[in-house]
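Labels run A, B, C, D, E and F following the written order; every chain starts at residue 1.
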Amino acid sequence: MRVESVEAIPVEIPLTQNFGGSTYAVLKRSTVITRMRTDAGLVSEVYNGDNREHGLEITRLIHEALAPRVIGMSIFEGERVWETMFALSHASRDRKTLADIGREMEAYRLAGMAGCKFKVGGLSPQADAERVEAARKAVGSDFMLAVDANRGWTADEAIEFARLVEPLDIRWFEEPCHWYDDAALMARVRQATRIPVTAGQSEITSHGVRRLIDAGAVDIVNYDASEGGGVTDWRRAAALCATAGVAVAHHEESQIAQHLISAVPHGTCIECFADPERDPVWQRMWVNRPAIRDGMMAVSTGPGFGLELDAAMIAKYRVA
Amino acid sequence: MRVESVEAIPVEIPLTQNFGGSTYAVLKRSTVITRMRTDAGLVSEVYNGDNREHGLEITRLIHEALAPRVIGMSIFEGERVWETMFALSHASRDRKTLADIGREMEAYRLAGMAGCKFKVGGLSPQADAERVEAARKAVGSDFMLAVDANRGWTADEAIEFARLVEPLDIRWFEEPCHWYDDAALMARVRQATRIPVTAGQSEITSHGVRRLIDAGAVDIVNYDASEGGGVTDWRRAAALCATAGVAVAHHEESQIAQHLISAVPHGTCIECFADPERDPVWQRMWVNRPAIRDGMMAVSTGPGFGLELDAAMIAKYRVA
Amino acid sequence: MRVESVEAIPVEIPLTQNFGGSTYAVLKRSTVITRMRTDAGLVSEVYNGDNREHGLEITRLIHEALAPRVIGMSIFEGERVWETMFALSHASRDRKTLADIGREMEAYRLAGMAGCKFKVGGLSPQADAERVEAARKAVGSDFMLAVDANRGWTADEAIEFARLVEPLDIRWFEEPCHWYDDAALMARVRQATRIPVTAGQSEITSHGVRRLIDAGAVDIVNYDASEGGGVTDWRRAAALCATAGVAVAHHEESQIAQHLISAVPHGTCIECFADPERDPVWQRMWVNRPAIRDGMMAVSTGPGFGLELDAAMIAKYRVA
Amino acid sequence: MRVESVEAIPVEIPLTQNFGGSTYAVLKRSTVITRMRTDAGLVSEVYNGDNREHGLEITRLIHEALAPRVIGMSIFEGERVWETMFALSHASRDRKTLADIGREMEAYRLAGMAGCKFKVGGLSPQADAERVEAARKAVGSDFMLAVDANRGWTADEAIEFARLVEPLDIRWFEEPCHWYDDAALMARVRQATRIPVTAGQSEITSHGVRRLIDAGAVDIVNYDASEGGGVTDWRRAAALCATAGVAVAHHEESQIAQHLISAVPHGTCIECFADPERDPVWQRMWVNRPAIRDGMMAVSTGPGFGLELDAAMIAKYRVA
Amino acid sequence: MRVESVEAIPVEIPLTQNFGGSTYAVLKRSTVITRMRTDAGLVSEVYNGDNREHGLEITRLIHEALAPRVIGMSIFEGERVWETMFALSHASRDRKTLADIGREMEAYRLAGMAGCKFKVGGLSPQADAERVEAARKAVGSDFMLAVDANRGWTADEAIEFARLVEPLDIRWFEEPCHWYDDAALMARVRQATRIPVTAGQSEITSHGVRRLIDAGAVDIVNYDASEGGGVTDWRRAAALCATAGVAVAHHEESQIAQHLISAVPHGTCIECFADPERDPVWQRMWVNRPAIRDGMMAVSTGPGFGLELDAAMIAKYRVA
Amino acid sequence: MRVESVEAIPVEIPLTQNFGGSTYAVLKRSTVITRMRTDAGLVSEVYNGDNREHGLEITRLIHEALAPRVIGMSIFEGERVWETMFALSHASRDRKTLADIGREMEAYRLAGMAGCKFKVGGLSPQADAERVEAARKAVGSDFMLAVDANRGWTADEAIEFARLVEPLDIRWFEEPCHWYDDAALMARVRQATRIPVTAGQSEITSHGVRRLIDAGAVDIVNYDASEGGGVTDWRRAAALCATAGVAVAHHEESQIAQHLISAVPHGTCIECFADPERDPVWQRMWVNRPAIRDGMMAVSTGPGFGLELDAAMIAKYRVA
């Protein structure tokens, strides 16, 4: 007996009063009804969840992303159905071909970069390892090469990949594993490879950074002050790293990162997008951007971050 | 030198091409500029984050929630400013007075309930403990009383509260501590009190449940199949609990929970809202709801969950 | 002064009443007297234990297995005497010669097997590694090779062996270390090698499986439903493995294992004896055994395990 | 649909050759067939295990102990059926009445004992706590009282009991929890009560003692030299305890224990049976047993254990 | 056979060249010969250690402190001899009588103190608990009382004491346990009592503070910036504490501590000696000491620590 | 603004009475004043510590070792200044050149040694690895080579070194990492390399040895009975190692070590200085030193350690 169709119906029932608290309102009861039909004519119907914001989006995802994969599967293969749908929560794809890689590396060099963070995790470990090998060949041995899987792999895939690229002098391996068990999976990867493991950009407090450190999951933490708890909390995270023998980096935002990283002995690199169109805040929104030469950028010496924003540009693009 | 004003400006700069991947689009660079003025005339300006969805909402929060608390504070009190703003991320308030409590308890009894889950965490430990004491007095000794702080307290506050209510025969203490370090804080609370600690409703996978168990944070797990990974994953979580000697419950949704809980030896209670207006899905959206008598509800015996939904009601409230 | 003789005397003293509980009887006090004589004429005599079932067997073991090794040793070498006797509790021996290996591998291929689990642990790490190398040479690269030490080695020996065979594409390393500290020793081996470590067949509950997982001792768990807690408990163990990122296998009994393994995403292989005389239950006791082709066996589709036992054979061999 | 009958059939199939190793023989393939009939006429048949020694005993246990409990249960209540059968593996019962307790305590005092180890774990925590209370009342405050549950309780039951008897000045709580997860369960009990937890008599090596210590399961270890690795290994276990701040005791066998316990600073008590008929090895099999007075026994001063065995008695009761 | 005398002889043998490294010299081989005589005339002689600085002091300690305790002990009581000598490494004695306590507490109040840190650990738990009870009675309930055992107790003694004083509203319990295993022993005490445990003054780096936190040994850390790694490292330690939910204090040196403690949200109290003669650096060596009123001291507002030292006093007491 | 000078002034202020306890005296308040001047004319002055013994030595170290490194640094580079000074606490230097190595190895062979412990940690990992390679080349493959970094490296440096020398058949890697976090850093090294890690000579109790074992920091423990707790405590440490699967060695002092090491199954080597001038206690202070031949030394068979000291030599060099 197989799944023939899956229908999702978002429901919102208004409540007669506000059942929320002082910081939030509860004015309706929401749910999504799912109705599954099998080729044998059986119909199953159930409701799920109480998400008051994304009912329509969830319905769309069920219809467009989940149902097509489940239709035709046996209803007795519960674990397979589950695994198939869950896999969508950590899918990723990478579009770059081997042919692109040489040109891209060359562009980074021309931009004065000391190295490049290479996106992997979208293909099989073997295929991505080949791309990294192509990159290493293109740049030679005196250019720093890191890899970033954006949480695209299982621990086993990440380990397989790491062992393949170990001989390529990889500076670090960033976010190797799926989101749903990141600290535990990365700790496994870290034990299985000699390439340093990096993570932290997804944390929003120093407590989250401590979670990674206590799990033995990381060699480098790239906690982002502009996404997380600001300079105050970044400094706390940096102290945790110092006493744990873990290095610190910073996710993007070189304007801010350069001050933070250069102010601690265990700081590593700052990072920016080489493509001049990718990050206009970095490329154009500050009037005193220092040049990058030979892989180095001078730290701005003005007060605070030493950052002078472009008032005209802010005026042009402000949305409120 | 003190903060005189804080201004936030959301900025969105269109990109010349889509820099996203196959499952997401990156069409703009977003950021929020914050401009802080001091009473000495100094102005500081910086940008933060790259949130492409909530720029306006973040701006509103800065103006309405954060700025008022920060204005007037010394710019040299960095940690105090930080703590003041961070506290908003875990604030809660409870509105019930001591007078209401007797009436509410009586209503639960009349509704056939075996007990009541009492909301705390919105007042000081002492004040909330007084409310719980009033509840215990109102219901006598043969009515189950649990408390739920909805992550409203620090570990120290939760421990202080737990010790105050220990003599009141409290069945469990649910989500005692703040979100930012929940497992570690709850583990401290669990060691400091003899009241069982409950959590799990905020997890969306069995991996998250394992995180709580490995941290020694819980005595009871109320992982919600309808919010998390469904029956398949709930059963996995229940197996983890079984081998760890942890009991299982389920967050709300008695229609689903009754089957799950009653199918395992370490199941505890199901829960529903007593207020007839609070949860129409529970009260009215199924046509075969069993009565609750003497704190017990018969498990539906139809196929699957044994749940027959009300087609007319779905038709009336469907939003797509 | 050296040990000249060791004499063991089993003693059983009847008790005047039953001192047991409701589920067991205590009707006698048993012990074993050991009398040791030295070449200097000194005699030592002591009693040990209270084993009510195996007194005669223990006596036999002392006379036949322990005494011959101890006689002649200095009575001042306490640790050496102890170590010598203790080593008997984890001795193993393997009889296969290098010459046999090629023939054996060929037989497995002919039987349709996808691979072979190779017994090691009975010789020195070097000698056993040579045997594995011979096996790999015999089968070529497209045949799965696992090794099973049956708890035959210390951690150091197992690590030495693992490093020697790492280049031979070993699928897993089963029960590498001695029984007396299995989880801790295997965790050491697992950290020291890139070959996955397998264990679990000696556990009789899912609690035991959790012990292995919590110790970080295993990559694959082959808990045996027919020796342990049955399907119900095997499914629990499989859930533990799933959330810990550990794969599951099953010790022997393919008839049962095929259903369990194929029903979970993290299942691996099933195993059977290739020798047609080794396991008549597998070879002959079921009437609907599917063929094995190209390393695959179709899962039986009948109700339950889909297993039809041979009534005549049961009648012939039943012993009660 | 309910279980109507359960039939077990032990099967032994002779093998054509010995498939064992140098230390063991494999001459037959054994298994037990179980055949279950339901009231609806359905019959299920499967085989389990490969135990070459206890097939008949297993068959008897299924017929006499398991089947009667399972017959009549719904076949859809898998977890309940499992739990019911598993509970037999850790059942215990205690026969003493409250009336006996006063007399028994008095007898211990008269025998010169310093205290008494009280058997619990066979009744509910409340019922056993009442018995302990009666014992404490009978002996007054200057008599040592310990309790021993012989692994009879779950962690929750053991904790409930411990809290009930905490005010009764209990010297220690021995083997509080079921065998299947002893270290983890005892660690929970130990954290939840102020009564010291004792275990170790079931270990047969110092590795097992370390397992208990590493799990934080014990305050006192009563590893038995006569059941485990002898004096050499007991001394190792005592060293582990010393550096972990854990005290040492010894399970029964005072003749041996007195020397071991009194030779280390962290030794506690020795124990013997007060009933003159219970342990003839202790009561009668040595000719130089010292008197016990005021709860103290002089340590024998002869060579070795200072133990002179009764040759006539050995001659009379030797069974080989 | 008993120890009759113990003689120690320090020996220093000059070396023919410097065998040290660039940062230290090795110009002699030092050792201490110990010669022990028994009442049976046996003489034992051995050498120990290679301490190039304290040979004479070690010799003195052997003669004056160790030998008198060991003389007369049986040479077969190795563990007892060892324990007796080792106990000297963690002995402490407290001189205050119950009579003194009332007067002392009164003096603290008059000095404007908010509370008092009471020295314990020198008597038995019971005797010290009586002293604390007397102190609590003398000061009433609105005066903060902490206790400091200066590492004077075993874990068991510390736990016994903690339970006795729990009802006395003790703010914290400082350095409860012996030096030789401080983190592990304190972790035991912390789990066994509801009084917060304080330590950290003996650490000289933030790594040491992390050791205490990772061991679960402390609720409050009083790392001393003036003994350890200064303000830079104290701030790191404070960050570790913040993310671990541990409060910070500072050992003595209020002049420095007031700035550190008041600059973090998790700071507690500062401490000083009430006796005007005990700490002239605190009492007299700075010219701008603020008054203490109602348990509060205003934080100095000058640059840096805001501390103006007394030049004349420095000139008078400088020793180089 | 940069540091121009640093001045340190030791101060000792006599107290009016003894504020110490029964085992120590507190007769003065000591501190060190540091006065720092910048090139901008600013002067900072603070006091630190209360060390009553080493005020003058600390002052000397500040003037001679710390100040020269700090002068000229920016006062805003707090972390850099801190790191620069802290680095002095774990600096080391090694003087041997590559040319010396061949000769040295030859001498060891001639002295009958089985192998050599090679000092590293004073140069960069690469430079020291070259020296080890030279040593291995000089001695050939049948000579045991261990390396000892004397705590000279960070974890990263030690790991880099270990990987470079892994192919050189290194028997063990002793004290690879800095003192301030030795157990944690060594545990990282141990996981990252296949060379066994050795430490323990800096411990003075078996508790310290347990700390290393619990941290997973060591494969071999060389606890020194003559520096630590003597034979009694060394035996305890050896028991800990036995149950943890860790081998035991002994730091220097072969006279004592030979008995300890050869008395346990997990003992390894004893060590002595090959240079006849380096250790006169070993070379000349005992009259019955056995010869070393083919890497083996016969264990002395006299009573006790079997050690007969040279009375004349003791008389000549005794200093009290």
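Keep in mind that, in the parts below, contacts are C-beta pairs under 8 Å (C-beta built on N, C-alpha and C of every residue); 3 or more make two chains touch, one makes a residue touch a chain.
Bear in mind that the values here come from a model prediction, so they are computed numbers and not experimental data.
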{"item": "Minimal step count in the chain contact network, subunit B to subunit E", "value": "1"}
{"item": "Subunit D and subunit A - chains in contact with each", "value": "B, C, E, F"}
{"item": "Chain pair, A-F or A-E, that carries the greater number of C-beta contacts", "value": "A-E"}
{"item": "Superposition of subunit C upon subunit D: rotation angle, C-alpha, nearest 5 degrees", "value": "180"}
{"item": "Classification of the subunit C:subunit F interface as same or different, half of numbers criterion", "value": "different"}
{"item": "Chain whose Cα centroid lies at the greatest distance from that of subunit C", "value": "E"}
{"item": "Option in C-D, C-F or D-F whose residue-number contact pairs overlap B-E by over half", "value": "C-F"}
{"item": "Separation of mean Cα positions, subunit B and subunit A [Å, integer]", "value": "26"}
{"item": "Centre distance in Å when subunit B and subunit D are each reduced to the mean of their C-alpha atoms", "value": "44"}
{"item": "Approximate Å spacing (C-alpha centroids) for the pair subunit C, subunit E", "value": "53"}
{"item": "Residue numbers of subunit F (touch at least two other chains)", "value": "79, 181, 184, 191, 207, 210, 243-244"}
{"item": "Interchain pairs in contact, sorted by label", "value": "A-B, A-C, A-E, A-F, B-C, B-D, B-E, C-D, C-F, D-E, D-F, E-F"}
{"item": "In the complex, subunit E residues that touch subunit F", "value": "9-13, 15-17, 19, 21-23, 29, 31, 33, 44-50, 55-56, 59, 78-79, 81-82, 86, 91-95, 122, 180-181, 184, 205, 207-208, 226-227, 229-230, 232-233, 252, 256, 275, 277-281, 285, 304-305, 307, 309, 313-314, 317-320"}
{"item": "In the complex with subunit E, residue positions of subunit A that touch it", "value": "206-207, 209-210, 235-237, 239-240, 242-244"}
{"item": "Touching residues on subunit D, where the partner in the complex is subunit B", "value": "79-80, 83, 154-155, 163, 181, 184-185, 188, 191-192"}
{"item": "Of all residues in subunit F, those that touch subunit C in their complex", "value": "191, 194, 243-245, 263-265"}
